[in-house]
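I'd like to ask some things about the structure below.
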Amino acid sequence: MGADPSVMLFGLDVDDHKAIIGTTRGLVEKYGRERVFGTPLSEDAMTGVAIGAALSGIRPIHVHIRMDFLMLAMNQLVNVAAKSRYMFGGQESLPMVVRAMIGKSWGQGAQHSQSLYSFFMHVPGLKVVAPTTPYDAKGCLISAIRDNDPVMYVEHRLLHYQKGPVPTEPFTVPAGKARITNAGDDVTLVGISYMQVECLRASKYLLETGISAEVIDPIWLNPLDIDTIAESVRKTGRLLVVDNDWLSCGAGAEIITQVLEQVPDRHIQVGRMGFAQCTCPPAPSLEELFYPNARTVAARAFDLVRDNAVTWIPEERADLQEVEFKGPF
Amino acid sequence: MGADPSVMLFGLDVDDHKAIIGTTRGLVEKYGRERVFGTPLSEDAMTGVAIGAALSGIRPIHVHIRMDFLMLAMNQLVNVAAKSRYMFGGQESLPMVVRAMIGKSWGQGAQHSQSLYSFFMHVPGLKVVAPTTPYDAKGCLISAIRDNDPVMYVEHRLLHYQKGPVPTEPFTVPAGKARITNAGDDVTLVGISYMQVECLRASKYLLETGISAEVIDPIWLNPLDIDTIAESVRKTGRLLVVDNDWLSCGAGAEIITQVLEQVPDRHIQVGRMGFAQCTCPPAPSLEELFYPNARTVAARAFDLVRDNAVTWIPEERADLQEVEFKGPF
Amino acid sequence: MNIKKVYRELFRIRRVEEEIARIYPSDKIKSPVHLSIGQEAVSVAVCEALVPGDIVFGTYRSHALYLAKGGDLRAMFAEMYGKVTGCARGKGGSMHLVDIPAGFMGTSAVVGTTIANAVGYAYGLKLQSKPHIVASFFGDGAVDEGAFYESLNFAHLKQVPLIFICENNGYAIHTPQSARQRDVNLCDRVGAYGIPATRIESGDVFEIHRHVQEAADALRSGQPGPFFFECLTYRWKEHVGPNDDFDAGYRSREEAQAWMANDQVRLAGEKLSDPERMEVEQNVEAEIAAAIAFAENSSFPGASELTTDVYEESEQDGPDDFVWRGDTGGHGSGDGRGPIRDAIWSGC
Amino acid sequence: MNIKKVYRELFRIRRVEEEIARIYPSDKIKSPVHLSIGQEAVSVAVCEALVPGDIVFGTYRSHALYLAKGGDLRAMFAEMYGKVTGCARGKGGSMHLVDIPAGFMGTSAVVGTTIANAVGYAYGLKLQSKPHIVASFFGDGAVDEGAFYESLNFAHLKQVPLIFICENNGYAIHTPQSARQRDVNLCDRVGAYGIPATRIESGDVFEIHRHVQEAADALRSGQPGPFFFECLTYRWKEHVGPNDDFDAGYRSREEAQAWMANDQVRLAGEKLSDPERMEVEQNVEAEIAAAIAFAENSSFPGASELTTDVYEESEQDGPDDFVWRGDTGGHGSGDGRGPIRDAIWSGC
């Protein structure tokens, strides 16, 4: 926002003392109440406002503390934002960023726990990014802000505490490039958003059995770097996509299908994991079962490699434990 | 509605002289303005009204002349309807039917041409059906009305003129059963909604090359009868899903992935077709390219069977021609 | 209104929520809690005007409403603990209490969503000639949402037997109403729909009750609905969680003081003799202690519960042996067999 | 207003749409058309109060607005024909005309959607201290939608330089306003937001212009927006398509007659001398004939156009060689390197 006075940031609660988990701290003071402001609870119209502002020459960043609330804004996102450049015959750009948070429920239950980014992957005209490291979080955000098309920027609440190296100067992470985060030969694990962390942990568990997993972070879900994933699968012959969302018509199905389209000449074992096929339950006993975790991911990868011949699930290891997370927030 | 006084039908324009292409003709006169009524343009609240009415003991049928408008109702559909039974711990049912029309654009362009049912396939708690024959249209609608869960009933505008046998008495077509509409050995074609018609035509074109295609109409997209499809693919070794929607995170990716999960022991050639990866263009020259048709489906199936070794596209045959379709409507 | 009953309701809600706040740091309630402490009077006043069979819809901040409408206290605590004995079998959580037999129909964590549901329920009652009415509760944040206006319009169009209750506590999370609406006069907005709209500023349980009782009587006597009430009130605790937040800077303790001085729980209690009051209080304390014990001793839902209640569990329908004989070019080949549009028509 | 100019605008719109209706049965326009015949005066009156650089947003029924705001006629016909020379290169169609240089910003086929876009544009103008104003056009159907009220609220909250124009033709498709809103008084509803709201019943192009000009002047002189006008008008043709539909039963020819007697095109023409009028008419006819010929002679977009303009065509960014060294358990292992929330903060 410092570099470009046309950037505007707004959304419910961006200007309160919690400042969206600190991510908008001090921006009002720095850039003023005209460029940084909280809004009424009007997701539909405020998304329309973002679009109109973008057409007027502004680069809006619209922040939502939960992805679930975007269901109120689908009309503007799907019917307007995604289609404006095309409907205008390419004459106008629509540079806007929608920051939407997803999370791991912690008893929040049905309506505060969804990911739903597959909806945005479905519709041509939108880009989707779900970074998992501090480096990519910053670089992708700057990419998204500079992008002349609408970008859905998906933030996982648990990842907000993830540490890692970040250059202080501005830099961009290019759209459509995945990262191999662990090299391996026996199975390809694609972990989306927070599930990237679980996949990396799973790869360590798998070492106990002598299985070497290649772990890939797609970072951008659209444009998707299918080449990097397909190349890995060509080598390993096995693909497990671990998503932070329901499976049906999800990112996992898409990645698997694209890999098969790219590698028609080889018989590939595929699998996918994600939310259980139910609404998110708040009871801790059920919530535990709702999400994949490093151990269940490792177990599933093991099955793929060993053709389901034997089963195995690792003992929990303290050094690979889950991060502590505690509400309310 | 005659059989069950708790059924109520409403939505924009259900009570005008066009009567939703005749599908609601005379219902006001027969059942009265309290049970059959047009509404204000308030898709969000009217969907909420359907949910509330369903909780009160009514079986609402909410009609939308275009699927695109459901983007205004996503909050109630995804966050409320899909989740109510679960959030209520199973104590309440939510019997409601959402009739949503899709179509082939005829110059309608960006915002009146989308299918988007993959959104509803993604979210647990909703059922999705897309019948293609008069028999199934009636039987599935009665199934949907009697169902105690929310059902998205997807009608393709072009199919409204499709003729075929229909019992006059009420009957149901059970949820989750696909139909093999043409038996064959070399390739499995799954055609969704209107694309079922194109697949059947394609199977006739393919006969010219000696290829025998098994054509399957899934009818219900959720619950999906993957067994019938997987069994066919086990036989043919080749699967082409032709959808009436964009590909990314769509029904095709889902069906392909589920088949692979069911048939891990065989190397299967897969393909999918659907809308081009762009917003729907109104120019006739582009619209023609936007949709798959019998000939392009036949060509793609041919490729799958012949391992892309040679290419072929059939000459257009008058006896298999496209139906005439002309607006406005 | 029976003062003793009113005090019991108010005191009971207050104490339940204080207990929730007390237990919360133990991490036994793994779910975000939105306490109504300070706002009890609205729910109690309204529900006193309702009868069994009447229905309420609320929000994620509905502990008070749940209790005032007669929701089961043990099932409530169990739900907060995520136990299978909870009012939603551990599948709702604090934000999604429900008690169907009590007419507490459901809540939503997405602001504004249950307003239209309440309107639909009221329409359903009318259609089925059921003699009951519905109350729809929501906050001042919900009136920012477009769905609220769509709901007003439809409710008035169809004259449904419903009472809208806006619990205006002045804030949506930390944002005051004035930062979301300029020169707002909510009752003017609602009144412009032709809906009788009344603003009640006192927070007084008896005054709120008097107004709502009148509206309820009117609806029961067949007068067309809906009615609208804006009830000013105040949230004492932070938006979500068990703590005070007067040091956060978005509101002052002074602002709260007038409301605390006007505490309806204390004021109602003062109307009773000491022994009467103590009897009420002892009963309530015993009930709460028992409910907490019940929750503590209940089990978590087992693994098999995870995927039940997504759909109705139904027997598989029988097979269906229709075969379509591939009428692929058959749009015009009618031999009197109906086209699809007629089939849909006959399915309706 | 210059009467000759006003007549030219009115007559030109009328004739363009009559030509569309004439051509339509030939099937050369393969796109649903929503004609404004009968409604021309509103667009002309409003746009006469606008200056280059001002912006309008409309609906699928915006041929009149497009032309009144100075949209290119040849590009309009070409767009209707689906030609690559169309104002949206054949990617918009009749419902999605656009002319950026003319300030005709875009339309939507989903009722109510451009209202918020117009508000956002006006906010953007204010933020960038641009001296222009925005007019947002929509029908009486759009005011059923919740997004309209959200937009009113935000526009008033931020005092954006915008004029809302409700073209009230009494119907949404075939449903009269009274079947969608009971006892409606739209200006009351809007006025309750604190927004100056005026209903203009005459359909008179000069009266509408006078009111809107006043509002535009006020905005240009720095008075806070928005303003709201409800302009009664009447659609002569069917909702979509080129035909009359008085035999359909939902409205009577009698109802139309008063509006037809009040035909602003004819009335404006009568204010001119015969030679003046004929000069205008001849020029317009020639322009239209040329525009149709242009459309007819243009090419359809080629296959390569299909998937362009979905995203900006950009050069591939360079590679990026950051390697994450797998800080898998690293939530607490900070060596001063920022957590993600700080990274997002610093990206903003």
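Letters are used for the chains, namely A, B, C and D, taken in the order the chains are written, and counting of residues starts over at 1 for each.
Here is the rule we go by: a residue touches a chain if its C-beta (ideal position, glycine included) is under 8 Å from a C-beta of that chain, and two chains touch if they have at least 3 such contacts.
Predicted, not measured: the structure shown is a model, and the values here were computed from it.
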Greatest separation from chain C - chain, by CA centre: D
Comparison of A-D and B-D (more C-beta pairs in contact): A-D
Centre-to-centre distance between chain D and chain B (centres being mean Cα positions), rounded to whole Å: 33
Computed distance of Cα centres, chain B from chain A, in Å: 29
Centroid spacing, where centroids are CA-atom means, of chain A and chain D in whole angstrom: 36
Chain C-chain D separation of Cα centroids, rounded to whole Å: 40
Overlap residues in chain A, where contacts from two or more other chains coincide: 39-40, 42, 44-45, 68, 71-72, 75, 79, 86-87, 109-111, 124-125, 277-279, 281
Per-residue overlap in chain C, given as positions that touch at least 2 other chains: 86, 90-92, 96, 108, 110, 144-147, 150, 153, 157, 180-181, 309-310
Residue ranges of chain C in contact with chain B within the complex: 55, 57, 86-92, 96, 98, 100, 105-106, 108, 110, 113-128, 130, 146-147, 150-151, 153-154, 157, 308-312, 314, 316-320, 322-324, 326-335, 337-348
Residues of chain A defined as touching chain D within the complex: 1, 6-9, 21-25, 27, 34-35, 39-40, 42, 44-58, 60-61, 75-76, 79-80, 84-93, 99, 124-125, 127, 131, 133-139, 141-143, 145, 147-149, 155, 159-166, 168, 170, 172-175, 177, 179, 181-182, 197, 200-201, 204, 217, 319-321, 323
Chain C residues touching chain D - in the complex, by the definition given at the top: 144-150, 153, 156-157, 159, 180-183, 185, 188-189, 191-194
Residues on chain A engaged by chain B in the complex (per definition of touch): 44, 68, 71-72, 74-75, 77-79, 82-83, 86-87, 109-111, 114, 116, 118-119, 121-125, 222, 246, 248-254, 256-257, 260-261, 264, 266-267, 269-272, 277-279, 281
Chain D residues touching chain B - in the complex, by the definition given at the top: 27, 29-33, 82-84, 86, 90-96, 108-112, 141-142, 144-146, 172-175, 179-181, 240-241, 248-250, 300-303, 305-307, 309-310
